[in-house]
Amino acid sequence: MIEDSQPPATPQLAELYSDFEASMLVPLWTQIADLMPASPASCARAHLWRWSSLLPLAERAGDLVPVGRGGERRAVALANPGLGGQPFATPTLWAAVQYLMPGEVAPEHRHTQHAFRFVIEGEGVWTLVNGDPVAMRRGDFLPQAGWNWHSHHNATTTPMAWLDGLDIPFVHATESGFFEFGPEDVDTTATPARSRSERLWGHPGLVPVSAAVSVPSTPLFVYRWERTDAALDDQLRLEDERHPGVLEKGHAAVRFSNPSTGGDVLPTIRAEFHRLRPDATTRTRREVGSSVWQVFDGRGEIRVGDEPWTVERGDLFVVPSWQPLTIGAESRLDLFRFSDTPIFERLHQHRVLVEGEPA
Amino acid sequence: MIEDSQPPATPQLAELYSDFEASMLVPLWTQIADLMPASPASCARAHLWRWSSLLPLAERAGDLVPVGRGGERRAVALANPGLGGQPFATPTLWAAVQYLMPGEVAPEHRHTQHAFRFVIEGEGVWTLVNGDPVAMRRGDFLPQAGWNWHSHHNATTTPMAWLDGLDIPFVHATESGFFEFGPEDVDTTATPARSRSERLWGHPGLVPVSAAVSVPSTPLFVYRWERTDAALDDQLRLEDERHPGVLEKGHAAVRFSNPSTGGDVLPTIRAEFHRLRPDATTRTRREVGSSVWQVFDGRGEIRVGDEPWTVERGDLFVVPSWQPLTIGAESRLDLFRFSDTPIFERLHQHRVLVEGEPA
Amino acid sequence: MIEDSQPPATPQLAELYSDFEASMLVPLWTQIADLMPASPASCARAHLWRWSSLLPLAERAGDLVPVGRGGERRAVALANPGLGGQPFATPTLWAAVQYLMPGEVAPEHRHTQHAFRFVIEGEGVWTLVNGDPVAMRRGDFLPQAGWNWHSHHNATTTPMAWLDGLDIPFVHATESGFFEFGPEDVDTTATPARSRSERLWGHPGLVPVSAAVSVPSTPLFVYRWERTDAALDDQLRLEDERHPGVLEKGHAAVRFSNPSTGGDVLPTIRAEFHRLRPDATTRTRREVGSSVWQVFDGRGEIRVGDEPWTVERGDLFVVPSWQPLTIGAESRLDLFRFSDTPIFERLHQHRVLVEGEPA
Amino acid sequence: MIEDSQPPATPQLAELYSDFEASMLVPLWTQIADLMPASPASCARAHLWRWSSLLPLAERAGDLVPVGRGGERRAVALANPGLGGQPFATPTLWAAVQYLMPGEVAPEHRHTQHAFRFVIEGEGVWTLVNGDPVAMRRGDFLPQAGWNWHSHHNATTTPMAWLDGLDIPFVHATESGFFEFGPEDVDTTATPARSRSERLWGHPGLVPVSAAVSVPSTPLFVYRWERTDAALDDQLRLEDERHPGVLEKGHAAVRFSNPSTGGDVLPTIRAEFHRLRPDATTRTRREVGSSVWQVFDGRGEIRVGDEPWTVERGDLFVVPSWQPLTIGAESRLDLFRFSDTPIFERLHQHRVLVEGEPA
């Protein structure tokens, strides 16, 4: 339609376009179709990264690349094939595998970018957040708000890998980030089973009176797998007993939440855990904004737009904005998900379209 | 000062005052000192009710007064000596001992008044909230938002007593309440250990995606003693390790919170649990609004204004608006507290004055 | 029903009741019908005060009662016939006629009670709010948040009367108010046509960048009649042109709003202006909470519950909680209204039932 | 520092990097300095577009380029020299000169991108918003929330140019926009002096009771120059009288606000008007996020980072994120400004640093 609607190509028009360019101007009428599509037309592409390929690459980096000040982290980021080679999983989200060898320290720094860790396997690393040591174990989710000092150290004799998620691409696109270096070494190598944040904020429905105010990012630095697992189980058992709770038939889901607000753990990132019964299938869903999923356990079939993949433990995939997603479980299927939804909800730009529901 | 500032008593003035009265009018200048004191001058009085007196009276009511439709509940309410014999613990709060005999049912009803139960001793009663059976055991706190259907039944062979708290006086004063009867019998006598609300909302920092929206009253119908106890212990241990957490020296405190908002469990009622180490003393504190406290365990000395009391397990006392409160522990002292603070916070009328802190 | 449901009167029961009383206890089962009615059963009564009676009484007070420190204001308050002679128009609202003679000063004070002035007739008094002189003229509405210093002085040679509205009864019932005296004389007798607050906040949709934060009470100290009149006219003309805007057929209404939040002018008080076309009638409406209305101009028929009144300029009437209100206009009818609605909205207790709409 | 911190270049490392690339992976340690600078390092550049150059180019487009379905608007966008030729004034903001010839119609459409018009000179075009005709005149600001139907038509015999501002780049970067075509012709050519939105929402501090709820974008479709001018004048006069109001010495500023919330007119765009006295100079200010300014009247000197420009009526300039801005007035200087600040405030990422104030 744009072509039809363009003015006839004349020497005067060519001269005008040339003068526009010289004056740092661009006409809307040649750009509008790309700029303002009928619905989100993502540059980002649906893509799958296999854990079986990722982990060996991270291990090779473990051998070849030291960790220390300057490089800061031994993290290898997903680079969406539609985003020109940038280390961005989606236009707003960063997802990387971080790898730490026995005895290593990832030095302290802080940044306004919001971050989390999710542990797909292994244990033995402690993340220090403002001096509070937080153990990391399979299934744990560790959100960490921007501008907190943090470092990691591996207190064991085996390497450990985990998923890092951040809003780096969003902060980069909006040119809004700050960063500072801290000391190169950790100030404590204590390895307590429970962090101080858990002891203050990890009791359900109980907030310390000394700190009972709303803060925009969660004061709870880790959400333990045992609790997530139990919550998902409870939803499925309620479904067995014909009570409400599951998101849809055979599909339990919990959202990690900030206990001081009940809302998302981080101002720009939503995180959830999903469990499907064997053979359950989700309704197809489109949503403004993008998400990254990691298979925690089980085996299933994913369809994003026309892309069908069979996925297994550790596999990571990306769902770009407004692309239809369907998940089918072969075995019981557990998935971790994070997305940029809070950005759109806070700016009143969010839309969801679920198969069989009114728009 | 008012006397000095009054106009001279003349026959004309007397006639004017008489004409005011006939016209349903009252002058401000004769009333202002009472109406607008320099700081809250409560009619309500500091008062103590001993559990050792309350419980036998409730037991006698158990023998003499049936429970059923019409009377609705075998509840005996604290009547503040400053409030003219009305069954009001404070101008805004209701506090009563409810008593249920083996096999008895308190019939279903609902009302817009917000309510909670707090269990000082015993077990064996289930509260049904919208058909969800919730077990009640020593130390449990059961908030219950207005307009939920609810009933109680005693499934054991021993009587049980507990504390009911409501905002009845506030709703009465503002003429804003609604009430409806439900069926006389309970629709299930199931006695599950965990309620459905706990299974959906009782996992720390996890909210069901199927219900992840803010609601003004808590969707979690019970806060179990084991969790409260652990949270208080954790705060005191953090203090031992010289980390933040306690409210003040030797004084741990948690607030019961709505997991969908992080705020108070009920729009008009705040509820908290406090633990003092042996020999600890709180700073003296004044606050707009009133509160009711119940000693859960231990022995201590309470001072409200000029009233000093030595208190023990089960004892209930009232702190009227703006009266100074100090608590000293003889043994380790555990206290449950509820107050009308959310009313004043939401209306921007709250003030606190703590000894040694700036006003 | 309560009678039927009461336990049989026995000596033991009488003794129990007597022991309750001695212990400052009251049973629920004898009180519940009064305490928890099916819908709000107001003690307050629908009542009308005629301006033609009120004003002469205020004038007589002008002759007999001086204004000054101690009495503070020559204000005569409406005392609802259902509220035991207290100077309360409703359980939450105060409404009084204030009267100031030529050259008089009502001395400076401040209180946490929220207040407003509404001018039914006359002009010539300036209210000083934190040193900012605000002229008062027929039709003007002057909200004044709690804890602002304020005084009034009459700069002319004629007396002036106006309506004072406050939340005194609510603050009294909740025992939450503070009060302080200021200087006895005004610090400026300047009589500018526009106050500083109007110059900063009186431009539609424009907020000063120097003060662009939300504050709970309006920073605009006066809403001029010319603006209110024009807004009401605009709504009726839009109706003539078949566009939306009026509240219902022939009934225009504006709410006075806090330009820093878009919400109510005061945390506890809503204020509105209503205009009915000749012969228009409102739908019958019930609402949780009470309101006071003053006829600004025109003639109409009011029905509150079973009370029908023909009303004229200056007449004041009270609508208790949940009582049905219908207004019919004989001529064009202008009415000022204030209510306690923000209290109930903020506490999630508000309900409205409009004839012909679903509950 | 990054170079120093990189691992030694070995064949194994080269092979690892090659395998990363093949697997759509990018290491953090080679990218972190660019991705996470110490403070926002904007790609966007400070840049000035002269009105004296822009307008003739728009006029030439008026002769050569028709307006109609497909191209939609004869708008010429500022293309920031640091953003690779894209029609983006900053990474988040679109700014374009739109030009409409006598009798022309820019056809109806709607999009979720938020928009506004600001009129630097001329008059005679009406913007139809959901069927409500809004006149456009010099100095007027017309915000228009996403998803409203809108078109423009020139009802006069002279061309008209104005500034269009939108959040197109932000919506493009986050892949979140929707767009729909409406009819090609306008449904009314009425040219009322006041729009219906002004008649409902243009009265200061008054909201229609029929629509008194918070909406995320302003229901007022135009803010008239006369009001803005008067508000700025009032602030400077208050300064003359030594009262608060101005933003800083000699510098008045108003923010266009949503009367239903008191907040920004649009969820993603802040708009303000600034007036400096002759010879006044602003303090230097850095801010997260970008802004576009247009000189409305007068002559001044702008400094953004190291760029100094003398500016005049109609000139447009861009201030990238975190770049220091200073404005000096030669004559009285009036400036319109819009920015992406609401995005950062709502996501808790906003920071400001003003010369002489604590960080």
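So that you can tell them apart, the chains are marked A, B, C and D in the order they are listed, and the count of residues begins at 1 in each.
Criterion: contacts are C-beta pairs under 8 Å (C-beta built on N, C-alpha and C of every residue); 3 or more make two chains touch, one makes a residue touch a chain.
Quick caveat, the model's predicted, so the values are computed rather than measured.
Engineer: Just to be sure I understand the contacts, which chains border both subunit B and subunit A?
Structural biologist: The common neighbours do not exist; no chain touches both.
Engineer: Just to be sure I understand the contacts, which chains border both subunit D and subunit C?
Structural biologist: Chains touching both subunit C and subunit D: none.
Engineer: From the C-alpha centres, identify the chain that is farthest from subunit D.
Structural biologist: B
Engineer: Report the inter-centroid distance (CA atoms only) between subunit A and subunit D in whole Å.
Structural biologist: That pair's centroid distance is 31 Å.
Engineer: Mind checking the centre-to-centre distance between subunit A and subunit C? Centres are C-alpha means, answer in whole Å.
Structural biologist: About 52 Å separates the centre of subunit A from that of subunit C.
Engineer: For subunit B, write out the residues touching at least two other chains, lowest number first.
Structural biologist: There are none in subunit B.
Engineer: Flag every residue of subunit B that touches subunit A in the complex, lowest number first.
Structural biologist: Result: residues 196, 199-212, 214, 218, 220, 223, 227-228, 230-231, 234-235, 237-238, 243-247, 253-263, 265, 272 of subunit B touch subunit A.
Engineer: In the complex, go through subunit C and note every residue touching subunit B.
Structural biologist: Interface residues on subunit C, with respect to subunit B: 1-2, 4-7, 10, 12-13, 16, 19-21, 23-32, 35-44, 47, 49, 53-54, 57, 60-61, 64-66, 68-81, 85-87, 91-92, 96, 111-113, 146, 168, 170-180, 216-217, 267-268, 288-290, 320-322, 340, 342-344, 346-349, 351.
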